[in-house]
Amino acid sequence: MSRLNVKLGDLSLKNPVIAASGTFGYGEELENFFPVESLGAVATKGLSLKPREGNPMPRIVETPSGMINAIGLQNVGIEAFIEKKLPYLESKQVVVIANIFGNTLEEYVEIARCLQPTSVPAIELNISCPNVKAGGMEFGNDPVQAARVTEAVRSVFNRHLMVKLSPNVTSLPKVACAVADAGADSLSLINTITAMAINTKTRKPMIANGVGGLSGPAIRPIAVRMVAEVYRSVKIPIVGIGGIGELNDALEFFIAGAQAIQIGTATFVEPNAAHQLVKDLDSYLKESGINHLKELVGTLKWPS
Amino acid sequence: MKDTLSQIVYHRSIGNDYYRIGLKTGWASFQPGQFAMLQVPGDGGVLLRRPFSLARQEGEVSEILYKAVGRGTRNLVKLQPGVPLKILGPLGHGFSSSEVSGPRVAVAGGYGIAPFWEWSLQLAKLGHRLQIFYGARTKTDLLYLDELRDAGAEVQCSTEDGSAGFRGLVTDLLREQFPNGKVGRVYSCGPWGLLQAVGQWCESHSIPAELSVEEAMGCGTGVCLGCVVQNRAGKYFRACKEGPVFLAEQLKLN
Amino acid sequence: MSRLNVKLGDLSLKNPVIAASGTFGYGEELENFFPVESLGAVATKGLSLKPREGNPMPRIVETPSGMINAIGLQNVGIEAFIEKKLPYLESKQVVVIANIFGNTLEEYVEIARCLQPTSVPAIELNISCPNVKAGGMEFGNDPVQAARVTEAVRSVFNRHLMVKLSPNVTSLPKVACAVADAGADSLSLINTITAMAINTKTRKPMIANGVGGLSGPAIRPIAVRMVAEVYRSVKIPIVGIGGIGELNDALEFFIAGAQAIQIGTATFVEPNAAHQLVKDLDSYLKESGINHLKELVGTLKWPS
Amino acid sequence: MKDTLSQIVYHRSIGNDYYRIGLKTGWASFQPGQFAMLQVPGDGGVLLRRPFSLARQEGEVSEILYKAVGRGTRNLVKLQPGVPLKILGPLGHGFSSSEVSGPRVAVAGGYGIAPFWEWSLQLAKLGHRLQIFYGARTKTDLLYLDELRDAGAEVQCSTEDGSAGFRGLVTDLLREQFPNGKVGRVYSCGPWGLLQAVGQWCESHSIPAELSVEEAMGCGTGVCLGCVVQNRAGKYFRACKEGPVFLAEQLKLN
């Protein structure tokens, strides 16, 4: 499957299919379905400095062709991750992308510092999670703040730095450029879109947190647009995310300019989705006589 | 746990929006209390699978007892035998097979009766008889009565309106029957209010109790963290993975 | 149905159900299905100073639980509207909301000036259409620009001025406040979300224009969130829009803070949708023992 | 034009992904070339209805001939008789019933044959015989042949691979049959390339031609402006309202 390998700057992936953060646990949960090392990489659940219990229930609700979640970044914390979760992933020799999240710039830096001495080849900087009160979102919504945190993490982590962008902004290209200039090696987009559903009987939000993040096929057209826009404005590699479930969805993102993609919500519906996509992509390229995936990337024909 | 493209073998209305659906899963067996994530028709943008307790395994066919309540289940009703449906299971942890001294009692509410069909059969094979206390709103919400008796269980019913059995809450019936709490172990499945009452009663009599909780589920496989329940220390556990059956002492019951 | 009447500032509607701009023609097309005067109001197709032919085909594409459109504001122009289309609506005695759109601030003002001497009781200022190259979107994405155009139109049109907001912004409350301060009588939200779908065979966008606007149930959770947010930050009435098809959808918007709602894409699927909703709303209030719709508005219980 | 909650009366595969579906609409009649917006199952987030030509009205039942090509039609295939489906129609303008001197010729490609079944019957009733030129990729893509003959039409076929009838394009067959263009009026339905070729040939022989166009449709009722076609002055017209049948001279054919 050499036609599928990808180089995101200095990060080599055997294929472009990555399990999205928060939708694949720490990589152990789905081992019954397929070998985790068949994926290009695994992005871990968002990791914070201290363990977090996350938000109260209910945390998820289905919406038309999508779902809203406000898990609130429940995670074991960076220390327990490195001690207890990382060894499994290391034993499988799969590329690990540590998705990290801080309440403050200092926390981001601290977590990155903890990761520097480990084997983890890449950090995905989550500056875009809408489900926590402090931090996160504010960084992602402002180019200046986004650049600041990127730069700070850059200075303490010397391997691949991927920055995950928030779609809840007027101009994603602006944030993308700022982050690229601040030293990001790649960009992943999009995170979930802030959304709300209301229980009309109780008049309460369907999610205890009030608002949450919309994911799934419903947001795909928005994500594809954003990837296409960002592709035109930055030079660093893009990882496309948002409602990808099957081959054709992924192809849209590659054509729009993504060099790799992440599978999130689809894994909930089809535990095998990411694995199946690797196989389908390979067959597609073969049958279409395309020598390498990169021939597809960014081939979108914009209207003149 | 695996994902199977099964076929609907039978699909019957049993009144009052309740349905029995048989799916050719080919599964060997399951532990009662375990569940499955079933694909339902996608109308109106339905995306996620739906969790249902497994009620019975007979040969290659797994049965689910469901109530049509929302978009997914109401569309499910329309599917006829022969239609293929994906089903992921058996999932989670069911009731435990630990040794018990004293009567084994099940307390079920509504469609929470489902796991106790297979559970009655499995216990009967081991020479145990399950004593089931079964509460529902009204007579027509009492399901599987013949099946449970055929499976060797002893069933006592209660209805809120008194249309069948004891009039009142099933926990009142339970209290009445075991005033001193001389019970070996309690298994319970039903709405949260029922589980709370059962858990508290068991606690007050020091009866070990296993409660099967019902939470909204995104994945059923432990990766989304959408289905959690809290223990008494405020720590969250996944209903789909560590549960859906928990020891009462593990759960924050108020 | 007096429990349904609504006052948006000085604009009285017999009920809160409005046909959304661009999804109901000029009000004549669906007369076979129900009397147009059974609706609270009709928002016309976006009107420009000169007639516009709109964008080349294809102009629409279905996406999961939604659709993207880039009609490009094909319309007869303000003059022909007043001469040829308005008389029909006047004869039906339905409240007309003229949705207007300009390439420049001067054009907006000019169109509003044309409407001032007519019977049209309300203008809906479309500062949020993503489907034209100049104008539109830029105004909607910047609080300062949005306020400028609102103020300018305000000064030449002395009846109800509704401003329709673009969802493609980082902070809708900011734009909402600016527009309210500039003299808007009410706000309608949301317009479509900029989106793209790609034909993976031809590698061209599915829509000739490249990008278009996403509408339908897919965007409802985003629209509900935005209405709830804006409701907390402005005092003027809000008209909720986005993926409303049936009773429960509309209730979500009322609870979030909308005093009226608009039905767009749903009319494509069910020509009768808006009319049916009026009936269903009335029955709902009656059966729930709610004396008047306004008792519902803004009753959302935010988590503490 | 009305929206009807109809029922599937019959639903038959006729090979090669083609299906005939009969819906109890209760419509009195329609003008061939008119179409309907049919609800299809909502799986995968399918939202909009799908446009299909009306092929036949027999008593209360309207027939549609369709090819399963995408998400909507492929799911439609699974529905069985008895299932209720909403259908909005008859919509748009069909072929005109104007007086004609000289042979009436239909040129159809693929499932574009659909309107010509009813059209043959209606013309036959008025004492006219429709001469149909029918092109398809291969033999199994030729549909309704018996029905058309029973309806009194004269049918000449062509296939691209020569597996039935003339080998080549149906427009070549047409040119061969009418070298001098002595035709009264042409009605055509099929892919855009076919309509263009037919329109241009008719124009070169000054034959009045009516072309039924196929465009993506959002509403079918004229409100979305998603389905437009351009005339020679660059002005847009709605296929669902002013069309789908247009005079060739009204359309920009290149």
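Note that the chains take the letters A, B, C and D in the order they are written out, and that residue 1 is the start of every chain.
The rule is short, and it goes like this: contacts are C-beta pairs under 8 Å (C-beta built on N, C-alpha and C of every residue); 3 or more make two chains touch, one makes a residue touch a chain.
Computed from a predicted model, the values in this text were never measured in an experiment.
Asker: Could you compare the number of C-beta pairs in contact for B-C with that for C-D and name the larger?
Answerer: C-D
Asker: On a C-alpha centroid basis, what's the spacing between chain B and chain C, in Å?
Answerer: The separation of the two C-alpha centroids amounts to 47 Å.
Asker: With chain centres defined as C-alpha means, what is the inter-centre distance between chain C and chain D in Å?
Answerer: 36
Asker: Taking the mean of the CA coordinates per chain, how far is chain A from chain C in Å?
Answerer: Whole-Å distance between the two chain centres: 34.
Asker: Provide the C-alpha centroid distance between chain B and chain D, rounded to the nearest whole angstrom.
Answerer: 53
Asker: Hey, what residues on chain A touch two or more of the other chains?
Answerer: 63-66, 216-218
Asker: For chain D, what residues touch not just one other chain but two or more?
Answerer: If we look for residues of chain D contacting two or more partner chains, we find 44-47.
Asker: Take each protein chain as a node, join two nodes whenever their chains touch, and name the resulting shape: line, ring, star, complete or other.
Answerer: If you draw each chain as a dot and join those that touch, every dot ends up joined to every other.
Asker: Okay, in this complex, where on chain D does chain A touch?
Answerer: Residue list for chain D touching chain A: 44-45.
Asker: Mind listing the chain A positions that touch chain D in their complex?
Answerer: 64-65, 217-218
Asker: State the interface residues of chain D toward chain C in the complex, per the touch definition above.
Answerer: Contact set of chain D toward chain C: 1-3, 44-49, 86, 88, 215-216, 218-219, 221-230, 234-236, 241.
Asker: Give every residue of chain D touching chain B within the complex, in rising order.
Answerer: That would be residues 41-47, 78, 80, 83 of chain D.
Asker: List the residues on chain C that touch chain D in their complex, please.
Answerer: Residues of chain C touching chain D: 22-25, 29-30, 32-33, 45, 53-54, 57-67, 69, 71, 74, 216-218, 265, 267-272.
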